[in-house]
Structures are given as C-alpha cells and as structure tokens.
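Next, two complexes with chain A in common: one pairs it with chain B, the other with chain C.
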Partner chain A sequence: MLVPEKMAKYSVEKIDDACMRMMYDRQGYNMASSKVRTSSFSRKVQVAPTSSVPGLKYGPNGTIFLSSGIPDLDKILGGGFHLGSLVMVMEDTEAPHHMLLLRTFMSQGLVHNQPVLYASPSKNPRAFLGTLPATLVSKDDKSLKSDAEQKDLRIAWQYKKYLGENKPPIEERDGKVEYCNDFDLRKPIEKHLIAGNRVECVGLLDCSSLAGIRDSCTKFLSQLPRFDGNITSAGRIAIQSFCAPQCEYYDKEWDMLSFIRSIKSMVRSSNAVAFITFPASLVSPSVSKRLQHLADTLLAVKAIPDEDKELATLLTGYQDMLGLLSIHKVARFNTQVPVILDATTYSMKLQKRRSLVLECLNQAPVDGSSGSSYGTSGGCSSSSNTGTLDF
Partner chain B sequence: MNRPTTLLDDALSFDDGESNSRRPQNGRVVLVEDCVETSGAFVLHHLIKRFLSPNVSSSDSIVLFVAFAQPFSHYDRILRKMGCNLAAQRENKRLLFFDMLMLECPDDDVEGGLIALFGNIQKAVEVNSSNKNITIVIDDISLLEVATNGSTKDVLNFMRYCHTLTTQFGCTIIIVLHEDIYSSGDGFTFPLQLEYLADIIIKTEPLITGLAADVHGQLTVLNKGTLDGFRSSKGKIHNFHYKIKENSVDYFYPGSRS
Partner chain C sequence: MADAICRVLRDGALEGEHATSLTINDSIHSPFGPIVFDYIFTQLSSFISSAKSQSRGIVLVKFSSSPSFTVELLKARGFDIATSHEWLRVLDCYSDPLGWKERLKDRGAIKSPLTEASPNVSICKDVRNLNDLFSMVLALGKELVGDGKNRFSVAIDSLSEMIRHTSLSSVACLLSNLRSHAQVSSIFWLLHSDLHDMKAAAAFEYMSSMVANVKPPTTENTDNFSLLEQNYKRGHFHASLKRRNGRVRVMREEFSIDNSLIKFTSVAAGENAVAQTLVPKVQFNLQLSDKEKSDRAKVVLPFEHQETGKSVQIYDGRKPGTHELEVEKSKKHEDSGRGEIIYFRDSDDEMPDSDEDPDDDLDI
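Then we have the complex of A and B:
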C-alpha cells in the first residue's frame, strides 16, 4: 500500500525523472552524432521525395506503406501495410470473406504494376486471377464527387467530425498518385493486367513439402532487394488458406511454422509484403498462437449469420453487413509504441453492391435509452479475440 | 551519478551496486513473458538500454544480443530514440549482435546447430569475461523452437547450458517467451522449465477491460530474490500499469494516474 506521502514523493521523482531523461537523451544524441553517425534521426522522408513510386508512400519511423486495396483499411492501419511486413489473416472457416481482402490486395498490386506471387490450395490457381476485381471506374469525376457527397449525407451528424479529421491527407494523396484505388467487386479485372503483368501462380496442392514454395518465394523476392536509396518497385506475395487440411504438409506443424518464419525474414529484407490467410481454427491452438505472434499485422474476418435476430436488433445497418473485420495487431516497425485503435472490430459492407467499405460498429438505439451510441460502440472496444463482437 | 529509477527498476532491484559493493545483479536470469495483445519488447529495450548506458557504475558491461525476431535496424532505431546508440556500441564492441533471423537448424542435426550457436555465445563470453558484466539477450525463445523444428528438449538443453554461464562467468540472461502459446493446456512444460530457471519473471498482460490509449497493459514482476544477504526483495510480486512512449515507458500503480 502506498501512503500519501510516498505518493507525493513519487510524483516529484517522476518529474525529475522526466527532466533527467530528457537531458540525458539529448546528451546521448549529441554524443552519438558527434562520435559516430552524422545524425540519429535521418528519416527517409527527407532523403527521398515523397511517393516517387506510385503505390508507395512514406510513413513514420522510416517505414514505407503499400496499399491494402481497401481505402478504409489503409486509413485504419495508419496508411496501409508496411513494406517488409508479414500480414496474416485469420479466416472464418465457414465463409470466404478472406478472399475479399486477398482479391483487393492482389488487384491493387496489379494496378500499380507490382509483381505478384499467388499461392493457393486450389487445383488451378491461375483461374483465380479471373475473379480479381477491377478498379471502380466512375463515368467521370462528377459521379465520384456526388458519391462522396452522398456518403457525407448518409453519415449521421455525430460522426462527421471524426471523419473530417482523418480525411484530408488521404484525399490529397489520392488525387496525386492514386495510392489506393476503389475496386468494383462485380467487374473482373482487365485482361491485359493479368496477362501483361508479372503474376506468378503456385499451387499448394501438388507440393508434398514446403521447400518448393519456399524456393519460388525466394526467387520472387530476389527480384526485389531491400531499399538501397531509391525503390523501383515493390512486390506482393499472397498465399491463400495456408494451413488448409487438403495440403500434404498439413500435419507437419513445424514445417509450416518454419516456412512462415523464413518468409517473414525474407520479406523483411526485401521490398515486399506477404499477405497470408490461414484457417486458425483448423490448426492446434498453440500453432495458431505462434502464427499470430509471427504476424506483423494480424487481421481476422468473420461472417455474420443471415438471420441472427439478436444481432440485428443490436446493430444498425445489419442488413447491409457482409461480415466483421477485426484488427488484432498493427505492425510496429522501428518503434515500440503500440498502435491503439479506436475500435478493433469493423463491419464490412458493400457500397452500392460494388466497393468494399469498412465501418465502425454502431449500436442501434435501444428502446428507452437515448444516449449517444458512439460512446458505447467506438470507445469501449476490447482487443480480446474471444467474443464475436466487442462492445 | 544518481540514475532516475522507475517502478520497473525498483521491482528488478538492479540497483547498480550502490548499496552493496558486490555486484548484486550478476548471474540472474530474467524471463520476459508476453502475449499477442501486449508485446513485451519494450521491457527488453529498457533492459538493453540500462545495461549499455554509459553511466552505469560498471561501465564495462557488454551485451550479447541473440536476435531471432527483428533485424538490427529495428532495435537500433528504437534504442536511438531512447538515447542509446546501438550502432556505436557495436563498434565499441560493447554490443555483440547475433543476427539469427535466417537461422535454420537442419532437420537431421538440430543438436549440432544449437551446439554451434552455444559455442559462439560461449566463445564471446570467454573472450570478454575479464572483469566485465556480460548480459545475454535472447529475443525470442519461441522462435528458437521454430528454428529447431520444435525440438523443445534441445532448446531446453541449450538454455541449461546458457544457464551454466551465469554461475561460471556471472552473466545475466534475458529471455523473451511468448507465454500464451503454451496456455492451451496441452501439457506444455516448456514455460514452467524456463520459469524454474529464472530469477525474475516479468509478465506483460493486457488489462481485462481491453486495450486503452492511456494504459497499454499491466506488468507483473516476480522477483524470486537473491539468497545472499538479508535483502527484503525475496519473493516479492510487483504489479503496475504501463504506457509506452517513443523514448521511454511510464510505469505507475493502478489508479494513480488521473
């Protein structure tokens, strides 16, 4: 137990601490800079012009972002996926929602003319390329604008101020380089993008061990050496249902883990992002946890049942929801500060039946209670991955 | 020079031998346990900075960093923000960095791979052992298990070998372990074995109420205490909250922050 006196002492000490640390830190920096390196905080931003390559943008701490293909997800993650990161998605084994993320991720890469490696446990992986979505072409800019206006109108007035904060910088960038496109999930991608691009397809079914896939990943990544000064291109590795039981290596847990580990370290030292989905419930809990630890960015998708009366009364816009996306972990490169999001679970919706949007869960007004719903839905989200919904 | 101390330092009672002319922190094993929600990496950074900072009374301390989890640039950037230049320390030979990101033990000779790794560590320790404090950092042990294709037995043997260095050369060992991997109740004894080896266990957990912007989680420090002397820290459990910032971490007792 703390006696009040001691508490007081503590707070004083704390202030002293802070001052001392600041002084010390500054000394440390100066010493370091005069002795060995020129400066301790040379950000990539200052060295290279921002976004010299379409589809990439500079983030904090000398990181580079690459778009996920879903503008909302980019916004939530603070800009997109880190170049060099391993993104893992926990699938819902009963629904194909992870495919939506996978498709937009790959399409975005193709649109930016980035090399893509795709591996899947299907018989004919190349056929999947035909199902990739095309960019949402608005007839002209006007329709895009009216789209945006409409969006504004749809949003309840309470949320407007929150959106306003995040929006401007992204739109600015969008206008310049089209860092992130909207995709029309109903229209297949243009043929020339699949044909002309460097898309490599690997089947996971025919390999008895993971060595073959590892080799093709190594070969793929060797085209994309780590940034030395200016980046010319970034690559994307997309692996669908990595731990699927129909694969021969399914029972070799440690092989799978060491494969993921080696992918992680290879990607880390190259200009690429690996995007891997896996059915978390089909592997043993400890393996699943290990995979979650290996992931730099960890997402989970979940379908929502069509006629869940309880949920329907609980959430507004339940009818339009496709599923739920939870963000369990956001990559922490070159920093130790965790990213704390306003909410960890978002609803996936199709806007105009075409493009995928993510929205905060909004609790429907309950009879008799007339409080603002934002406080209860957005603010109190927990990060536990136990429940279906967290609020 | 009186160093600023934090709750974590108090709990660890690494008090730089001011009260005690002998070096009390020698030969300890520190186990950092974390989970998916709250990474314990910041504890590691804190300790590395502590052992490398120039005004520790024993300025001739050396850190031997065996990194499986992150590349050097990552640690370098983080510690630079905290006021500790790893690149410079590496040139001064105060930091020996073992980049194990790509380490793979061949299937048929896992033991050989671990023996080679231990040999490297032992050699480095022996070379530097003359009147110096050596700290061995392993980040993280769960990845070493993966690298050895899951032969937990060999990893444990490796750890026991490393443990002999604590008595032989007075090394401090810091290990990171992802504890939630073993919580599924399949009779994993691995974390128990490591906890048995450890003198100090630092555990990070999220708050039960979920992650918050001003409290990033809670730390539980179990200090098994030292047998020499009649110090009061024996078997004490400290529990406090923390908030991670770029250049430091705030530690505070639950409820003591408005």
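Then we have the complex of A and C:
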C-alpha cells in the first residue's frame, strides 16, 4: 500500500496556511486557481493545472496521466494510464488485436518524445517499429465540436442565465501538441521518430532467465526517477506477449510472476508506465489469475467469429467490428473510490479504415419472434481457458 | 472444408507474414489424426507437384512411422515416385531418433544396414537437439528450392513424439523459428492432444493460424460397443481459421473412413448456442448518427427564445377562432418584441386564480 502522502478530497479550513502551501507546492499546483471556500468542510474543487510537459495530464487526487494513444480508451479510463502504473492486456490466442493497442501506445510515446523500451519474443524486435502508425492529419475537429454541443443543454427555464458558470471547462488545445493523437493505422510512422536509439529494443528469446530483461528495465527506469519536484519527462515500457511459449523461461512460472512484481514496484517509484501483453490461456490458471491481480489496469481483447449470423442479428455494426475490448480493472491511485464503468466491453472498429475507435456494444432491434432474452446471459467470461469452440 | 484448409496452406503466407500453420488435434476417442494428416499431406503434395502452390517443395519430418510408409502412401494415391525427388524430402526421425543403432553399429553389435538409402531421405540421429533439427530442415528445404525467394512447406508427423524428447518451450521455439523464416510458406503438424496437458495444446494453438480438431460423432464416453464401433468409422471435423481481418471462422464437417481413405461431407448448420454466451450485456443504441444530430439541432423547442425578435406563438389547444385572433393582434401591437401568454379561461365559473402564477418560472 502506498503511504497516502497525497491530500484527501475534503480539507479542513483550519489547516495552517503554510502547510497547505507546502502540500500544494509539492504537487506543483497553482494555488491561485482554487476557489474560496465558504464552509469548514468543503469539497476542494481544484482546477487541475495544465501541464507544461506535452503528453502528461494532471488528473484528480494528484495523479498524472499518460495517453494510451486511443482517445476513446483515454476517456473510458478517466484520462489515460496513470503514471507509475502497470497496465496488462490479456491476449486472445485467436486474434492479434493486442498489437493494435501496443502500437498506438508506442506511437503516442514517440510522438510526445518520451523514451520507449520495447521487448518482444521475436528474433528481430526492431523490425516491429516499422509497423507503428503515424498520426492522423485530420481536416476538421468534428469530434470536439460534438462533445461541446452535448454539454449545452437547451432549457427554456430561467436557469439558462446561470448555466454559463457551471459549464465544465473544455480542454484547450493549443494546436501544437495534443495530449492524445488519433493514429492512422494505414500509414507507417515517420522515420525520424524511430531512428537512432530512441526506442530501446530487447529480445525476450535470448534470455534463458529473466535477468536480462529485468536489468534492461532497471537501467531504463533509473533515468526516470520520481521526485516530488516537477516532472520533466515520462517513459514507456512495452512488453509484447510476455508468456509466449517460445521463450525459454516459459516453464518457470514463479520466475515470471516475480519479474512482473518487480516491474510493478520499479514502475511505481518512477515516472513511467509499463504496458505488458500476455496470452492468459497459455499459463496455468492460478498463475494467470495472479498475473491479472498484479495489474493496476487490466484490459482484455477478444476475437469475434466471422460470418456468424447469430451475432449479426444480435449486434448492430457487426460487420465493421474488429474485435472486442473488455476493461476489467481501472487503476485508481490516491483514492478509495472505484471506477464503475457503464459498460465493460467495447467493440473495436476502424473509423474510415484508419483510426481506431471504441464503441459500446449496441443491441440490434430485437425481432419479436425470437423471444429469447439477451440481457440475462451474464457477463462475457474473461476466462482464460476458452477452447477453440467455447465462446 | 478440409479442402478449404488445404487451399489456405497452398496459398501460404504473404510477404512479411508468418507462415500459415495448422495444428491437427486428435484424441483416443477419435484417433484419426494420422489419416487426416495424410489426407492433407497428399492434397498439398498434389498442389506442389503440379506447381499450383506458393511453395515449391515440402519437407516431411517423420517421427511416428517409417519413410517407406510415405512412399507407399504416395504410390497408392497415384503419385509418381520417380519424380518425387524434385519436390519432397523426408527427414527420418523414426528409425534412429537417439542414435542408439548408430552406436551399436559402431561397436559391431548389429550388422544390417538401417534402411535402404533413398535419395529423398535423411536420417536424424539426435532429435533432442532441436537446433540441429532446425538446421537440417532448413538444409533440406534449400536443397529443394534453392536460396532465393522460393519457398517450401514443412510437415511434422507427430509433435507428440517430439515433445517426449525435449521440453515444450524448445519445441515452441523451433516452430516459431520455422514460421518466421522467410522461405517457409506453410507448416502443419499433428498433435495427440490427450497425451499432453492443457498448456501444451493451448501453446500450439497459439502458434497456429488454423486449428483442426478430430472429434468423435457423439461426445458421450460410453462403453456401448455399437457406439464405439461407429466412432471408428465416422467422426466430426471442427476447424477454426484465423483470418487476416482478425476474425475467426469456425467450420464443421463430418468425415467417414473407408479402408484408410477419408471422405469429408458437409454437415447441416446446427444450432449455434454461441452468441448467447459470448456477448455481454448489450445496451440499446442511444447514440446519434451525424444525420440525426443535425436534425436534432434543427428542432424548434416551443418555449425557447428563438432570438429572432418575434413573439412566440403558443398553442393552447384551441383552434384559433377569429375573436381570439383579433385580441392577439391588438395585444401584439402593444407589446411588440415580447412574448406573451394569453390565457383564456375555460369557463366563467372557474375560480379566479390566486396570486401565484404557476407560469412565473417560464422565461418566455
């Protein structure tokens, strides 16, 4: 458990001014922007300061976010990946959708000039860098406009005069560096972003024990220590297919668990996010469960069957779906309040065949004659032991 | 459908992709894996020998039976053995897998030669060293197709025997090396899934782009002999293909065995109780498409200022009679630029309103 050195949500007015200033300064917050409190106990409505470092966003409760590269996912997770968290993605053995998430994660880091460490169980990990997507050059900001419109309720009551004050602040885009870019999955990334040694690549096949990759991670993270001062840069670690069977350490399950645990603790005390994908059905069930519990944020991807008439009648937009993304766990730092999502499973689609969007699963209009109830079928099982024909 | 699998193997892999790979799983309840393997092997061989496939040759790694069996099989299916040298190489891991006979021969304990030396066949004397096995397979392949862009296929008769000698991860490493080699077009192997634990079967399915399961026609384990007898003549063939668009295609067929000749017949599409368990709670679509959004923006709400300066006509449920129109017109002249409610009492004996006007809140 982290020592809760960060401030609580409710504050007592009688705290010494100097003490409060010190607490604020530690986080680099701007004191001037907070409102005047009228009662002893009041919710601290803090306007989060805009970050001076591109690619980082300050969130509530003293947390800092890194973007995942997919705008919809950032929104669902409440801002992005927490700095210092361990994100794990459970792969589906039948479809490579985790690679999409990995690619956008790495590309976002490169666009924001953040150091990236990449490890994969292939002989030539550097070859993967050529498949990273480039940012999408969009002609109009349609998505931003529609968001703003929805927040404007059109009411005929007198309260309309007062509505302007309570409008939530719309994020400013300074036009130069966006927090989260849209990526064009058909275009490869600009060469200069992956040139040289900007991305450190490690092959997992070479190491018989995990000592090699652990040392690389330690060295990488030592460049990004977390102090209480201002943050200058953040880093990203991306490990692909961690428990792939071709790795020599595949049989050593406890070694793998202890490696993940050490990564988690190293990342927690540095300014980085670790993103690890692993095929959950390839390790024994207890180890798979342990790995899932170790994660701060846990996602899972699932393949969908092709030409399945039942699914086509059940869901709208079935034709365009690539796969399903489930969000099992969302990291929450410095607060006891959990995130309760409206929906945990989203469908991944390609918008205009280029950028990845996540959509809620929507039920197609039910044919009156079918008569079966879909809502009671229970959650999509995230069990790791699905056979080829068990859906 | 088994033919569909053969076609996918025939078409091989695109540039930069891993080789297409197939796992054939069988079990004691329906032990026809070798027969299915032979079927696919002969189909692919016919494509290769008639130059219709991406690969120009095939390397067969035999663990579970002697290479002479393959020769017999090919003869029975009508292949010309004399020209098989051009497209087939066999790596014999059956005759002397651990090198014992070699060592006995060196000591003079046995005198007879191992097998008749055939130009197609190379013998592997140490199957525990998978790096050597890998290089032998590559060497045989390059013998067939040369060093350039031409590709070859690999078939492994039984992975179960291979796993017996070495660890799972080294076999997986060998397979992934083969798959990622630029000159390998497709690769397929047979696995007896009930000989290994779940992890092994799952690991090989992870590495394959197609999985074929040979199953008995009934799933009950009965000691009913008549059913067992049926199990030895027929079965179900389930296959799932991972397509390039990221989706999985699932197919089913029935097969029947007749004198070690297998025949596949398609089965009527049965009930798929698939969709029910897959899909989590779905919601109704509350989102608007772009057209719907623009339509919504155009809707005129009745009590809102339209900011056009006109007074708003409120429909109060009555047809506008002439009397009311006149009254309205006169009123309009007085309060131009302001909206107003004109209230007509329903009947004269209605109680006069008290001081509060319930419509004070409306900003009309």
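The rule is short, and it goes like this: the second predicted complex is superposed on the first by the 277 of 391 C-alpha atoms of A that agree within 3 Å, B and C clash if a C-alpha of one lies under 4 Å from a C-alpha of the other, contacts with A are read in each partner's own complex, and residues count from 1 in each chain.
Note that in this section contacts are C-beta pairs under 8 Å (C-beta built on N, C-alpha and C of every residue); 3 or more make two chains touch, one makes a residue touch a chain.
This structure is a prediction, so every number in the text was calculated from the model and none was measured.
In the superposition on chain A, contact is made by A:281 with chain C only, not with chain B.
Touch criterion met: A:123 reaches chain C, while chain B stays clear of it. When the two structures are aligned on the shared chain, A:319 is found in touch with neither chain B nor chain C.
Contacts of A:304 after superposition: chain C is touched, whereas chain B is not reached.
According to the touch criterion, the shared surface of chain A, contacted by chain B in one complex and chain C in the other, consists of residues 284, 344, 380-381, 385.
Residue ranges of chain B in contact with chain A, taken from their complex: 4-6, 36-39, 41-42, 45, 71, 73-74, 77-78, 80-85, 87-88, 91, 101-102, 104, 142-143, 146-147, 149-150, 178, 180-184, 186, 188, 206, 209-213, 216, 244-248, 253, 256.
Taken together, the chain A residues at the contact with chain B in this complex read 2, 7, 10, 13, 16-17, 20-21, 24-29, 31-32, 35-37, 40-41, 61-62, 253-255, 257-258, 261-262, 265, 268-269, 284-286, 289-290, 292-293, 298, 328-329, 332-338, 340, 344, 380-385, 390. Residue ranges on chain C touching chain A, taken from their complex, read 167-170, 172-173, 175-177, 180, 198-199, 202-203, 205-207, 211, 213, 238, 240, 242-243, 245-250, 272, 274-285, 287, 293, 297, 301-304, 361-364.
Remark: chain A residues 93-97, 121-123, 146, 149, 154, 156-158, 160, 205, 244-251, 279, 281-284, 303-308, 310-311, 314-316, 322-323, 326, 342-345, 360-363, 372, 374-375, 377-381, 385, 388-389, 391 touch chain C in the complex.
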